[in-house]
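Same chain, two partners: chain A is paired with chain B first, then with chain C.
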Partner chain A sequence: MSDTPKEIDALIALMAKLPGLGPRSARRAVLHLIKKRALLLTPLADAMHAVGASARECLNCGNIGTSEICAICTDEARATGQICVVEDVADLWAMERAGVFRGRYHVLGGTLSALDAVGPEDLGIPRLTTRVKAEAITEVILALNATIDGQTTAHYIADQLENKVTVTSLAQGVPIGGELDYLDDGTISAALRARKTL
Partner chain B sequence: MSDTPKEIDALIALMAKLPGLGPRSARRAVLHLIKKRALLLTPLADAMHAVGASARECLNCGNIGTSEICAICTDEARATGQICVVEDVADLWAMERAGVFRGRYHVLGGTLSALDAVGPEDLGIPRLTTRVKAEAITEVILALNATIDGQTTAHYIADQLENKVTVTSLAQGVPIGGELDYLDDGTISAALRARKTL
Partner chain C sequence: MQWRDQGALLSVRQHGESSAIIEVFTAEHGRHLGVVRGGASRRIAPLLQPGAQLDLTWRARLDEHIGSYNVEPLKSRAVAVMGDRLALAALNSVTSLLAFVLPERESHPALYGHTIALLDLLGNSSVWNLAYLKWEMALLEEMGFGLDLSSCAATGSREDLVYISPKTGRAVSSQGAGEWADRLLPMPQSLLSFQWAGHQDLAAGLKITGFFLENHLAPALGNTPLPGARARFVDRLARQPSDE
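Entry: the complex of A and B
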């Protein structure tokens, strides 16, 4: 597209780097933005600058906030003695949307991986051990993804915290609204093993 | 998500308005942007401001460029006497990517629609008639979408230009790489009607 202005080409190339957008949807999004310049393009650019200038990682839990210590860590009502360990900020947001956990979090920022040379220090696991003492934690809830990497990391953390604090993990089983016919064998056998007396 | 900073919530809400992104993918995109602040977030915001400040509609053809008359309309090598009529700038870009048309364009910006009160003036059809005379056009190629609205608009334009200039339209038939088994009945019957002697 030699005749497309270079500013537009540059914007399309950057938009195409967003997860979930390819070159085709990036072009569509850019045309949409140009059509809605006042309503969307300028506010979006301003919002990006605002986030770029203010967003930072919480020094305590790894959540994204706008101050050194995030709103969840400074909220005294959330000093419940419970820490929920999640892989990523997206998982923290998912837990918050569910709205049932009222304690604090610890965001690992990934999972242990020998291949990618990600060790316990990279995930802030020693810092988690320190927090357990400092914040008088009574329960660490592992809310890691039910993937091999997530479960390996969960086992490592459980080993580290053994005899120091109660370590629990999210239940595995049939999701709400799930139909057995569409579930994988692993989920069905996990649900059967963890069956409950009614 | 009462504990998410308002700057981040605002950015997610705006991102979710882009075509192809819903609330979930907008959250994912925003987290990705925050992680790649220097590489992606700031350049993207700057690129948006640059496009917002410079992009404008070509007064002649309706294409998006950075000057009053776009690069295609000012390129003397493209004064071939052919005008290709497209619905949208995205269609113009698609034609340019194909790289086989070397004339100029006329972007309608939509299709005729009684329901949405879109008339010939809104689509610049009188301006197209003026251009046909002013630019000594010998052929108007209708490259409108093969939808009902697109074809209605094509017939209207063909009527307006009757006896003034040769009006052609893109061929309809089996797409390259298309398998008959997966094609709809309409395409197959159009391809059969327009069959060619080998």
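Entry: the complex of A and C
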């Protein structure tokens, strides 16, 4: 039986559920937090409490914010007539890190999946169709993963928006800094198909 | 326990943070699941796309264990279909139907042959849609619900076969149908001769195979509905322009 106080054990058990952590690494992290109580533990607890109380999903786009409508959706400068559709919030953050897209987003929350019985209505696709009409959208950019599920979802959305708005998708090909020798056959093939005149 | 085989990947599900459970339709071991250690990693995950042809080594301490796979990619079929929405929809339909109907660890060599031939055609040829129809007929046949379109169930005639019995799956001629004609399913040209007669005729052929999948095969598997991927493929096909 563990001699650790049950409150600390409970914290370790919760930390062990986080991605990248197991029981041993959670124990180490908790010990580190306790040692740095003033510097880390208390501010972390306060921050988690604040986020727990205020974090919510934007009712419009599905982004995570602290109000019912997120900062991107309320920013008038981002009403460019473009919506970028992403699979989840991590993808939205990746797009924002790149800093090149100045329009608004729509977070699907997943992809169509026969295996997991995820259908169009589970992904907020009808909401996207409504937004296209309500926000006078001129272009929908599908920034979905280059996987079978991602592209199935992209084609399904393109079908739903056919003749309503311009639908584009991200290009596929050689990544910046990529060497051909290390690329898989599929990426080389896709890059060759999408070649451009210089 | 250990074996080595080849197979087409049907589905992938993340297992823990770094592994994946894959479902493969293999040549000699049928539909078989197994864990791929590191299958969710950035190196291996792109190779584990549905439809991919894999060389597999399966190991487990006991036969009834799920076991683990060592996978070696042989052929990726993702690129060929990703830009073609109809072929992509067909790939999803094939993989989800196989996952839906095939019992685990039961060899189906004939159906495996049909499946690999179809997957190789998807996105690479203009004849794959007829091959898809033939594949669904082979699937029904393999599962014991095959259509018999060789002669009329009532008269034995091989001519003028224009209907299919919804109960037996046998062909019926116009003479044999008589006053029962309105209770029979109309026979599309594509089902009888595998001659290209346009997307609408093909969609009519898939309506027939869909009828038997839904009303005969699915109830035998516990009355669960057919995978939505098939309905999406048929819907997409029906919306193709008729001259394409």
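Everything below uses one rule, namely that the second predicted complex is superposed on the first by the 197 of 198 C-alpha atoms of A that agree within 3 Å, B and C clash if a C-alpha of one lies under 4 Å from a C-alpha of the other, contacts with A are read in each partner's own complex, and residues count from 1 in each chain.
The rule is simple: contacts are C-beta pairs under 8 Å (C-beta built on N, C-alpha and C of every residue); 3 or more make two chains touch, one makes a residue touch a chain.
Since we're looking at a predicted model, the values are computed, not measured.
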item	value
Chain B versus chain C as contact partner of A:Asp159, first or second or both or neither	second
Chain B versus chain C as contact partner of A:Ala190, first or second or both or neither	second
Chain B versus chain C as contact partner of A:Gly20, first or second or both or neither	both
Dominant contact partner of chain A by residue count, chain C or chain B	B
First (chain B), second (chain C), both or neither touched by A:Thr147	second
Chain B versus chain C as contact partner of A:Leu11, first or second or both or neither	first
Partner chain(s) touched by A:Ser54 [first = chain B, second = chain C, both, neither]	first
Contact residues of chain A, present in both the chain B and the chain C interface	19-20
Footprint of chain A on chain B - complex, ascending	1, 3-5, 7-8, 10-11, 14-15, 17-21, 25, 27-34, 37, 40-52, 54-55, 64-66, 70-72, 75, 88-90, 93, 96-97
Chain C-facing residues of chain A, complex	19-20, 114-117, 119, 146-148, 151-152, 155-156, 158-159, 172, 184-186, 189-190, 193
Touching residues on chain C, where the partner in the complex is chain A	11, 13, 17, 46-47, 49-51, 76, 78-79, 81-83, 85, 88-89, 91-92, 95-96, 99, 227-229, 232, 236, 239
